[in-house]
Structures are given as C-alpha cells and as structure tokens.
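Structure record follows, encoded as structure tokens.
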Amino acid sequence: MEDLAIKILGAVLTTIMAFTVGMFYGGFVRKLTARVQNRRGPVVYQNFIDLLKLQSKTTNIAHGFMHHMAPIWMIIASLTTLMFLPILNGNLWFPNISFHGDLIFLLYMMVFGSLGMALGAGQTGNPNSAIGVTRGLSQMVGFEIPFVMSLIALMIQYKTTSIQDIMIAQNESGIWNMFSNPFAFLAALFAMFGMFRYSPFDIVGAPAELASGPVSEFGGKYLGTMMTANSIFSFFKLTLYVNLFMAGAGNINDVGIVATLIAIVILLIKTFALYMVPVFYGWVSPRYRTEQAIRYFWAWPSALGLIGIVWALI
Amino acid sequence: MNSFFLILLILLAGAAISFALGKISSIISGTVAFLSIASASVLFFTQLKNNTYIEFPLGEIQLQWGIDSFGYIFALIVLGLGSLASLYSISYMQNKERTGIFYFNFVLVITSMVGIIFSQDFISFFIFWEIMTWSSYLLIIFNKKDVKEIGVKYMIFSAIGAYSMLTAIVMIKGNYNTFLISDAIQAGAFNFTNNEYIPILLLIGFAVKAATMPLHVWAPKAYSNSPMSFTVIFSGAMSKMGVLGMALVLVRIFTFNANNEAILPNFSPIILQQTLAWLGAITAVIATLYALMQDDAKKLLAYSSIAQLGYITVGLAIGTKLSVMAALFLAIVHGIFKGALFMVAGAVERQAGTTDMTKVSGLIRKMPFTFFTALIAIIALAGIPPLGGFVGKWMLYESLITESNSYFLVILVFFSSTSAFLYCYRFLFGLFLGQEEEATKDVKEAPITMIIPMLILSVLLMVTGAYPGILFDPIAKGMETIGFNNVTWDMSVLGNIWGNSVNMIYVWLTIVIVFIAAFIFLTLKGLKGTRYVSTKDISTSGEIPLEHENLTFQINFFQPFRRAAAPMYKRSMDKIWNEIGSGLESLFNFTRKIYTGNGQTYAIFVIAFLVLMLLLKDTLFLN
Amino acid sequence: MEKETTLYIGPQHPGITGNMMVKLKVTGDTISSASTHVGYLHRAFEKLIERRNWLQSFTILCRFCVPEPDPMELTYARAVEEIEGREVPERAEYIRTIVMELARIQSFMLWYGGQSGSSGLYLVGQWSVGDRNYILDLFEDLTGGRVYHMYIWPGGVRRDLPEGWKDKALKTMDYLEKRLDEYDKLMFDSTIFQKRAQGVGIIPKDKAIEWGVVGAPLRGTGIKHDVRIDEPYCAYDKLNFIVPTQEGGDVWARALVRRQEIRQSISIIRQALDKMPAGEFYNKIPNPMKWSIPAGSAWVKTESVRGEVGFYVESDGSNKPRRVHVKGAAYTHGVTVLEKILVGQNIADVSFILNSLGVCPPEIER
Amino acid sequence: MTITENNIKQPIGEYIQNWARKHSLFVLAYGTGCGAIEIPPTMTSRYDAERFGIRGAATPRQADVLLITGYLATKSLKRVIRVYEQMQDPKYVIAFGSCTINGGMYYDSYNTINALDRYIPVDVYINGCMPRPEAVISGFVELQKQIASGNAYNATKYKENLEWYRENQKKIIKNWRMPDYNW
Amino acid sequence: MDNLQIENNILETIKTAFKVEGKVVREKRVEITAHKQLISSILLFAKNQHNYIHLNHITCVDWIEDGEFEINYIIWSPTTKNTLIIKTRISRENAQMENIDNIWDQANTYEREMREMYGIEFPGLIGEHEFILEDWDEMPPMRRDFDTLEYATKTFYQRPGREDAKDVREELTKQSGEEIPEFAKKYSREK
C-alpha cells in the first residue's frame, strides 16, 4: 500500500516537474532567441502566461470529436512515455511504473501523440492541416530511421533493451555513450533535430508556407493543452536522450533529499545543454523542403547510424 | 457420426442450401450461410478435443484427419472470422445479384479451410487446398471486373503453387512412401539433410498464398476486387493457410537441423532462413511503399495485407521461440484487424458507393461506429500501444534484436512499420476525416448486422492488447505441438530473453487514467463556450471559397515522401514479372491459352498433372 | 467539384507579401495552376489624384508602394518637371540620388527579412529589419518622416541636408557594410538556403523581357538592364557603379543580384556625398493651389528595388493632373510572371518566390 | 475573494485571467493596409514588442488581437469580418492609422470605408499616418490597461448587437456570400 | 541632330509603313498617333521588326470633353533602349478596343483593369471579370463622370469632425493644460 502511494506521489511529482521544466525551457529558448536577435525578449515565464491565457479563452471551437480529442492523445502520449521512462537512476522519489523503461515500447508510444494530433488536424478539413500532417508523417519516417539505428547500436552494445540498464552500465563503466559510441550518438542527435522541429526541420507548421499547418484550427483550450503536452514531451525526449547517451542523472542511489536534488540539478544541466544543440542549429538555418529533409535524414545520419551499429558489433 | 464429418457436412449443406435459396432471397441465403458457419464453429469449439485423429482409407491410400493444437490456432481465425464475416455479408450482399453463387463459394472456402486444418495427410490437404483455390477464384471474379487480368494472374500463381506442392508430395511419396504428414515429418522429409527440394517446393506452394515476395503480384488486385465481405476472409484467414503451411515446414527445418547439425555444405538452412526473412522484410517494405501511394482504400488495405504477411514471414523464418510466437500472434491479430478494416471498407463502399479516397471524405459524423472500428483497427495495424498489434510487433522486434542478431533486418522492418503510419493515417483521413463533401451528404451509418461484427473485432483488439495471454495460450500449445519446448508466456506481461518486459496492464492503466482525466478536463473546461462547427468554417486565409472549389486534400497525398523515396519506386515486382513474361513470350502465351481463367480447365489440368506425376513417380523420384 | 485542392495563400497568411491572394490549385504539394487576386488594397489613388492639385498628389503618391515610397515621388516629380520644363539644381539631383539609394537600401533590408523569413531563417530578418531603423533615422532627420517622406518636389527637394547629416550617413553606411557581411554569412553561405533557392522559380532568359520582367529578377537571368544606366536621371551619370547580373534566373540568382546591389548602393551614397556641389536645392514653384502645368504628357521611368517604376502623367493645362498612371514592377511580376513561374513548383516555395520577385500588391491595384 | 487594483474590484480568478490575457497578446498576421510596414520594426530589435508578450499568430483561431493596419478596402472588409468572426473570445481589435478613424486622406475614395467601428468593434484606435512603432506599442499598452480593468468587452458588444453590425456590413458588401456560422 | 538619329529612323520607318502621324518627343521617346484599327499591326511590326519586345505599359486617359478615351501603348526595345508610345483614341460610347494579349501575355492584366475601370470592352479577353473591384454595380469608377466623393458620402458613414479642421495636437495640449509655445501659435489653424 505504501509502495503504491509512493508510486502515485512519484508519478504526480514527475508530471509536475516535467511540465514546469518543459515550460521554462521553452521560455528560456524564447528569451535566448530574442537575445541572439538583438532583442530583450519576453520574460522567462512567458510560456506560462500564454498557457494561462489560452486556457482562459471563453469560447472555443471544435470541428468534431477527433478535433476535441487531439490534445488528449498528445497528453496521453506525453504522460505515458514519461511514466515508463526512468527519470532518476533508481531513486525512490521518482519511481516510474515500469522500472526498466523498454526502448521499443517507448519508440512506438512516442508516435501515439503525433498520430492522434494528426487525426484531430485531419478532422478540421483545413487543407493546410492535411498538408502539414503529410509533411510531418513523412519527416517522421525520415528521422526515425537514424534514431532506431542508434538505439539498436546501444542495444547491441549493452545487450539490453532497458533504459535503466543502459544508464547503470554507463555509470559503472564511467564512459558516456556519446563517447563510447559517438557515431550512434551523432545519428541520434540528428534525429533529435527532426524530433524537436526547430529549423531546418520546422516544415510541419512552417508559417510562411502553411499558416502553422496542423494546428491551424486549434485555439484556446485545445492549443493550451497541446502546449502542455508538448512541454512534457520535450522534457521526456531530453531525458530519454540524456539517459541513453549521457548516463542519466548520474549514479545516485541515495534516497536522501539532498542527493535527489543534486541528481535533479545534474539532470537539468544535462538536458538543457542537450536542448541547446537543436536550438542553436535552428537559429542559423533556413528551413528544408520536405523531401530534402527526408533525404537529409536518410543520408548522413543513417550512414552514421549504420557505422554506429558496426562499431557496437565490433 | 464423427464430429469431423458433421462439421464439414453442416458447412457443405449450408453452402448448398444458400446456393439454392440465393435466387429467392439474398437475406435468407446469407442467414443460412451464417447459421451453418456459426453452428459449425460452435460444434468445432465444443465437440472437438485437441489431438483427436480419425483414419479412413480412400482406396489404397490411407487418409488421416485430426485436430491438434497447432491447427486449433488457425481454426480460431477461420471460424471466428468466418462467422463474423458471414454475418456481415447478410447486409453487405443484400442488394447484389448472384448472391447464391457468392454464398455457395463463401461457405465452400470456409469448408475447405476447415478441411485443410483437419487434414493430416497430403492428399486431403491438397484436395482441400485446391477447392479453396478455385472457390476463392470464383469469388475474386465475382464482380466481373478485370476478370482477364486479375483472374489469370491469380490462376497462374496458384498453379505455380499447386504444381510445386504437388511435385513435393509426389517426391515425398516416392522417397518415403507415405502420404501422412506426421509420417513424413518422422521420416525427415522436411529435413535438409535428406532432400532440400521437398521443403523448398512446399514453401513455394505456401508462399503463393501467403503472398510473399516475389509471388505476391496477384494479391493486391485480387484482394481489392473481391466483394469486401469475402476479402475479410481472403486476407484475414485464407492467407493464413499459407502461414500455416510455412510454419509447419520451416519450424521442422530449423529445429531438426539445429539438432542434427548435419547441414548441406552448399545450401544450408541458414541461407534459406536468411533469404526468407529478407524476402519477408522486403515484401513488407515494398508493399508498404505501394500502399501509401494508393488512392483506393481497398487497394491500400490489400497492399497493407501483403506488408503484414511480410512481417509474419520474417517471424517464421527467424524461427526462434519468440519470433514464431510473434508471427503466430501477428497472424491472429492481423486476421482480426484486417478483417475489421476490410469490413470498414465494405461498409463505406456500401453506404457511400465507393472507397476511392479522392471522392469520399468526412464520413466520421455520418458513420461514427464504422469510424470507431477503423480507428481501433488502424491503431492496431500501426502497432501503436496499447492494442494487440503492438504486442505482435514488440515480440517481433525483440526476437530479431535479442535472439537472432538480425540488426539490419530490424531496420528494414522498422522502416516498413514507420512508413505504415503514413498509410494508416491516409486510410482514416481519406475516408472519415477532412471536408464533408456534397457527394456524401446523405450517407447513413451501416446497418446493425455490419456494425456488430466490426465492434466485436474492435473489442477483441483491445482485449488482446490488455491480455495478450488469451492468445498466447493456444499459440504456446500449438507451438509445443510442432516441436518447441517450454514455451512460456504471461497473461499480460511481455518479456524478452534479456530480461526486459512491458506490462500491458500498466500501460492500459496509465493510458486510461490519463485519458479520463484529460477528457474530463478538456470537455468540462469552458463547456458552454465550446461550439462544434462544420468543416466549412475553417480558416482559409480569410477568403471565402467558391462553391466548386475543392478544399479536400486527397490527391498525391504523400508526394513529398514519394519524391524523397523516388529510387525505391522505380522498380516494381509486377513489372519484373511482366518483363520475364515478355521474355518468355511464347511460353506465357501458351500458359494464358491453357488457363483461360476458367476454373474447370484449371481443375482438369491439375488432376491430370497429379495423375501424371503419380504414374511417373517411380521413374522420376526414386533415389 | 474540382479534383485539385484549392489552397489560398493570403490575404490573411503569414507567407504573403502585403494584402493580396494567390489562389493555388495543388495536387500533392505541386502547384498545377496559380492565379493572383488583387484589389484588397484598392484605394482608387489615380481617381483621387484627379481630385487633388499637382502638389497635393504627393501625399497620395508616396503610398503607392509602402516599402519604398521615394521612387514614386521622384518619378512623379520628374514627370511634372518634364512636362513643365522646370530645371532642377544640381545639388538637388545629388540629394535625390542619395535619397533614392537610401530608399533602396532600406527596402533591401526589408527584403532580407522577407526572403530569409519565408525560408525559416528568422535571425537575418530580425537583424536586418532592426538595422533598417538606422536608415529610417536618417530619413527622419532629413525629411521628418520615417516611412512616408514627401521630400522630393518638382524642382528639387523640400529642404537641404541638415547639419551633421553627412557624417551620420557615412557612419551608418560603415556600420551597415559591417552588418551586411554577417547577414551574408548566415544567408548566402548556408547550404540549406542554397538548396532551397537554387533551381526554384526559374524565369527563362529568352522570355524574360517579353514577359515584362524588370529589375533584379531580369538581371538575375543575365540581362543587363537598369534604368539608371539606360536613361540616366538624377546624378547617376556622374557616379561610378556597376549593374550586377547573374545567370540562372532562379531565386538564388535574384538573391545574389540583390546582395551585390545593396553594396553598390552604399558606394553610390558615399560618392554622392563626396561629390555633392554646394548651391541651391530647390527651384521654387509658384503657389501650389494655383500652380498649373501646361498641357502635355510624359512617360518617365525610375529604377526601384523591385524594378523599373513608370509614371504616365497627362496634364490638360489645369491645376490638377488629368491622369497619373503608375506602372510598378509588381504589376507584371505579381500577376502574369508569378502565375507562370509558380506552375510546377512546390507549395513550400510560394512565399519564397513571391519575396524574390518583390511583389508589392499596392503597386498592382493602387 | 476579490482583488482591487486601480480602483477596480475583480474576483481573484478573473484578475488572474485578465492578467494573463494582458501579458499574452497574439496578433493575427494580417496586413490589411500600409500600416503593416511598421509592424516588422515593432517586432524587431529596436522596439521589440515581444517584451509585452506580443507575438504573431498565423491563423485567426489562435489570435487574440486583430490589427487593422490602415484603411480597409471594401473587398478587404469582407475578409476582415470573416477573420474576425473566426477568432475566439476574448478578442480585441486595434485600429491603426487615421484612415480607420474617419477615412483620413481617403475620405473621398469610393473603395475604402471611413469609420471602422461601424463594421467591427474597435477597442483601441491609434491615430497618425502612419503611427510610429512607439505609437503602436502605446496602443497595445492602452489595450492592456483595458484588459486589466476588465473593460475590453467589445467582442461581447459585437455579439449582442450583431444585427446592427450586420446591417452596416451588408450595406457595403453587396454580395453577402459568407458560409453560415452557427453562432 | 545626331543624337536623335535612331529615334528619327524608327519614326520614319513606322510612318512609311503605316502612314501615321508621329514625333520624336525627346531622346529615347518616340510618339505615334494612330487609328485604333492599326494598333495591333503597328505593335506587331514594332515587336517583330524593331525588337520592341517589352510591353511597358498600357494606359487610358478619359477625355470626356471630346467624348473619347485615349489609349496609350508604351513599348520598349532592349537593343536601342528606346521607348515607343503609340496613342489612339476611341469613342467613349460603347468603347471597344482590340485585344492584344496574344501579342503580350501581360497585356491581359492591363486590359482587364481597363475593362473594369473604364468599361472598355476587349472582345476575346479571357480572365475573371472582377479584377480589382468586387461586386461593383455602379459606373466604371475611373470614368471622369463618376463622382467618387458623392459615392463615398452616400455609401460610407462619414464621421463628423472632419470639416472643422482642428489640429488634434492642439486640442490635446489644450485638454492637458499645457502651454503652447509661441512659435507653434503661428501655425495654429484657429484664427
């Protein structure tokens, strides 16, 4: 019974942390982008204000049931993936439901939200949404290939499909995967650019082309809920990457509050550093056309992924 | 009277009666067909015990029928899907002509498949196989569309399958002097050490029905051209007969050779295994690439069936415990979701007149139940948690990675299954989402007899997602029958040999809790201010679209993907076969002359071939 | 019901330049036909000018094309001068040259924003539009207005250069030159931008003149055509500059042409400030309310950023113009040329091509 | 529980909501007139409107503020009405330039409307031709004040007096070929 | 004059070929006045024989006093950099002009605009009837007898307050009680 209570408490805590961190990261990015653009920029908690504003819209429109459901699919995907991902390395305070975190499961669960969102966008009947969805799905086929290659390389290297085990192994050997298998890391990093949809891979909602694409018809509470889901999801993605390639939050098995806090800080530093990579790249690159983006993923990143697999086999 | 005969008799009687009643009323005829299949199913699952056999002589030849745990898996698909499909047919075929012939052949196909499952000897196996072939042939050309092309193609490939199978049977008779499957296995007929031709010929025979590349070219059009209520069976159950055969042969090859370690130097089963697995994966990739370019929902589903059969082939070919289990699980689940999807396509075809996705769209408000089925089935097809499809996919991946080290194969399979998201979305979007068009304004929901089977199948998909164990149970038993030891399974925990696991119940719990919470929040929040508007009220950059302007985005849906993957679209197997055909023009013409697309001539030739082979067996195959 | 999907780019669309609409018929993401729809900005300027006197028209004229109002003023002033036979002091010619080139630079800065923003590279747009304010400051010092200046009058310019303006202008030019290199590094050195721009929106060289292509798009096809050289006005014949051309006729070539032109403009301004003679800046006109111009007509052309701007001015001898008809570059670029070159292009490139052609809708419908 | 600021009493929930609305204004990307030329400078480095939480939105569903940047041609008016009606409450209109107030220099043009608030409700007018970015920002600040005090109820006014507005609109737009909305 | 040689040559060629009036306005401007039926042949002649391949402009002037529209075709040659202006007059009643969009595609745009703004018919002109205006049912607005002020007053709401011509800034300073500086008073409109 106590175990269950801790689990529920942990789940709630994890959710809150992921949401807050994700929102703040978004705010930091906006602030930093503004600074790079010679501007002062909004306050770092601007995303919270936006969210609150969107949620306090008094009228909302929906084009039907799937439109109504689209943000829900996204929330489900974000939270479920988060729940099945080890946040801290076996820490008592952040247990997750499945302690190991299965890679194949997460891989499939990650597309749940995109597809649900795509269905909602489809129901609006807006041609821009439909075109945006075709772009997004096509791009997904692009970046999933190098991503899965790098995952396979990791699985080969550690003979496990569990994220937990990969983390522990890294901590034991003391070498992060980004150094022990740089090729796989690079392939995954390129895939990450596609996942975060910053330039040059922001082809899905490209405003100048599709007027924000799939989310064209989403406003108010729907947009707000999507924003929440996206924030949680970006924290999930970052933590997944950190777990896989940067040894998670380090080797902390202490149950104490201080140790937990240190672990969280380490995790935040790592995730933020990682997050900056696609953001930096996004600042200075124009947008690809869809087929160029797909070909990009299938060229160098996939080649790196293959090398990564061979590297792991050797 | 023996249950075996009783079941077949009921089915045959059902076929005959529904044929006779077909002229009077299509509904009565359909009801009879449904009743006969349903009662046969009830009889089967209540009266027949596993591992019961009967033997009876047919002249000199000893025939053996029986049911083992392995056949039981397929009986589940055939009879379960058969009952639902025949229930579905009642409304689907309601206003069509020649329904007597349809139901006759429909029930006959079911009968022959049950017969195949019963058969424990090659002769009855082959006879039932041929009955299945030609009765399905009559159903393929039922719509009288493109008979020449589709029918002839089907016939030619069936003939290739039949002849190779026949040759193998004759060789077995020649080498081991038996027609009984169990005796042949005992004698090591499928063993590579003794004779590599027999298993390969048999595999070719089965691969035709399982639509494995390069023998798949008949399938897309045959699937999409038959009446949808039959395609449910055709794709959902009949293709699994090929899987049944392949499983039977492949498992023997790999397990036996693994024990004996006596492998022919020039053609080891590893090569066969790898070839088959890669063929399966390439089938999956190519079929997926084609599926996502289709504009007709039926064709899309047809290609998708081929792709899914590709995964099953991969699973069987890898031949480890988990992979075979995955393949068999996928076979059942594929039967369920593809059956559901073809039912959906049929319902749309019946209600809206066409399944051309460029013409139909926005049916979600008109056909909510059909959409629900389609959604569930598509999630399963895409292999997204938490439905049954995911379980199969997961096991397949885990077995490929952990047990067989086929890393590059995984990438191929994964590529195919990621690309599958594209056509999955296309199917849902094309038929149900998007603008509500004028042409489909008066469309109504399908009748209840079509809805019920669809909903049953969707519920099944959810149940198999949460408790895959209910399918693992028969599968594990069946696998033990064909030679695996200690097949372990859990009710809802999936595990691989590296010790990692996914608990489907937890997944379900999380999803359901989040879903309920989010749904309540999003629905109640600002409930008063939420309006449901029509799809006309969209932001078209402030402009007001004119009446005749089309806002539905349907044509060339995945053009950017196609452009990116252009090299992969350059060659198609169809073209290659045609090239081979034109290269051997005279032979091809000759074949075309013989197989005029008429079932009778086909049957005559097959029987003539059989007789010829039997007469010459001593001279030909005596080692 | 049509088979192709109709896609509206504009009027309310982030990708459109100004308030216009391009209606696309698409299959997949390929455009099978495009049609330009204008009229969202029609203010009946040419009708209103008929009701205004010769000088009042200036308030309307500068609003013909919002991003670049000065060529409009200059062309009109020159047309009036040609009909009336009014002389312009040499100093005024130099000041006009400087104003024209400043206007060109500020418009180029806006183009940097549009071209890079439509391809997702917002950084360059933010920088260049921010830096554009420095030029607007110069305008403000000179004319009192940020956007609309009404500075060039028939017979010269409204007032002389303020004190210290010259140094400020030179300083700004130095600053800009430094910044331009940074924009170029981000934009032109980016392989992604090259991939996006090359081979997109091609105007065939042999058809370009016949299609009515002018300005940078024409020079992008390799044809050297510039009103400043062909029919020199202001002080252009006394200054040294080259007219850059590029081969290819695609977005990339047009971008390269503009990239070189903005540097030429800076050099022209430096030369003009250097060579400017002292003296009168304004050949005074009589009381504007009673000022009539002898009957006659003139067709005058000026090179603006988007291409040549032509004014057809007809006077019937009264104190109001009989007819002022403007032909901006966008009139052909935005309608017939755009409709032709969009066919077969990707949806993603519509905004990109629009920006590279410099389509400015108020110039089309006025 | 209520909170009082600047002599305005508001329930705390409303106060927080208004605070959020005030600091997060999504401006619809619609350049209806020549004033749109001053929007890029307003958004970029020197003036940087994002400091105030002002940012662009691509479609009317996501936008809060409709900026009418100058005169409206009758053809544009129709689109503006459609776009305005597609926006979600609470929504605000800022009219930009003298020509939206009384026609400005286009008072005698046959194709531009002269008083915008007869056709859609306007919350803030910014005068000038054209208003400088500083003026634009001060207009936004004025709107923020209105929002904070809970006075920005013009969208409600539009709904309540829809008939009056419709009458005015239909006077200008002769061929009313709008798709029917269900509100 | 030597420097006008090219201009004179062209003028002479066209004059002899078509027997039309014309003059050299100035450097690089040649003006020709022709009957409306000759227009398309002159344009074709100039385009094919003298490389006047660029259609600069087509403009229309309403000479209501004469009951005529003047249509000017302005074409330009990239080889000589010369501009040729061809003027013609047509009657205002049932105004009709030959369609030349088979010679230049972009003429289509000009002609559609003229059709809409002046009511000049171009037989065989393709393209939507509405180019700039929408649902316009009055007289074509660019005709001089169309009174735009009257139409605007009739159609649009005229907000009171325009006629007093008060200086807004002055009003504001008055309201705030700020003192108006001496120099500013000089420009005050209230006097």
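Labels for the chains are A, B, C, D and E, by order of writing; each one numbers its residues from 1.
Everything below uses one rule, namely that contacts are C-beta pairs under 8 Å (C-beta built on N, C-alpha and C of every residue); 3 or more make two chains touch, one makes a residue touch a chain.
What you are looking at is a predicted structure, and each value in this text was computed from that prediction instead of being measured.
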Treat each pair of touching chains as one step and give the shortest count from subunit B to subunit E. 2
What chains, if any, are shared contacts of subunit C and subunit E? D
What are the mutual neighbours of subunit B and subunit C in this structure? A, D
Chain separated most widely from subunit B, comparing mean CA positions: E
Find the two chains joined by the most C-beta pairs in contact, please. A-B
Centroid check, CA-based, most central chain -> A
Give, as an integer number of Å, the spacing between the C-alpha centres of subunit B and subunit A. 36
Between subunit A and subunit E, what is the separation of their C-alpha centroids in Å? 59
Sequence positions of subunit D contacting 2 or more other chains: 29-30, 44-45, 56, 58-61, 75, 78-79, 83, 89, 108-112
For subunit A, which residues are shared contacts with two or more other chains? 37-39, 57-61, 127, 131, 134-135, 207, 211-212, 216-217, 220, 289-290
Multi-chain contact sites of subunit B, meaning residues that touch two or more partners: 529, 531-534, 536-537, 539-543, 551-553, 557-560
The chain pairs that touch are A-B, A-C, A-D, B-C, B-D, C-D, C-E, D-E
How about subunit A: which of its residues touch subunit B in the complex? 55, 57-66, 68-69, 71-72, 75-76, 79-80, 83-84, 97-98, 100, 102, 104-105, 108-109, 111-112, 115, 118-119, 122-127, 130-131, 133-135, 137-138, 140-142, 144-145, 148-149, 152, 155-156, 159-162, 165, 211, 216-217, 220-222, 225, 289-291, 294-295, 298, 309, 313
Interfacial residue positions of subunit D with respect to subunit A in the complex: 16-17, 20-21, 23-24, 29, 44-45, 48, 50-51, 53, 55-59, 61-64, 88-90
Complex contacts: residues of subunit C adjacent to subunit A: 5-7, 13-15, 29, 116-123, 126-127, 130, 186-187, 190, 192-193, 195-196, 346-352
Sort out for me which residues of subunit C touch subunit B in the complex. 1-6, 8-13, 16, 21, 23, 26-30
Would you pull the subunit B residues touching subunit C in the complex into a rising list? 358, 437-439, 539-543, 545, 548-560, 562
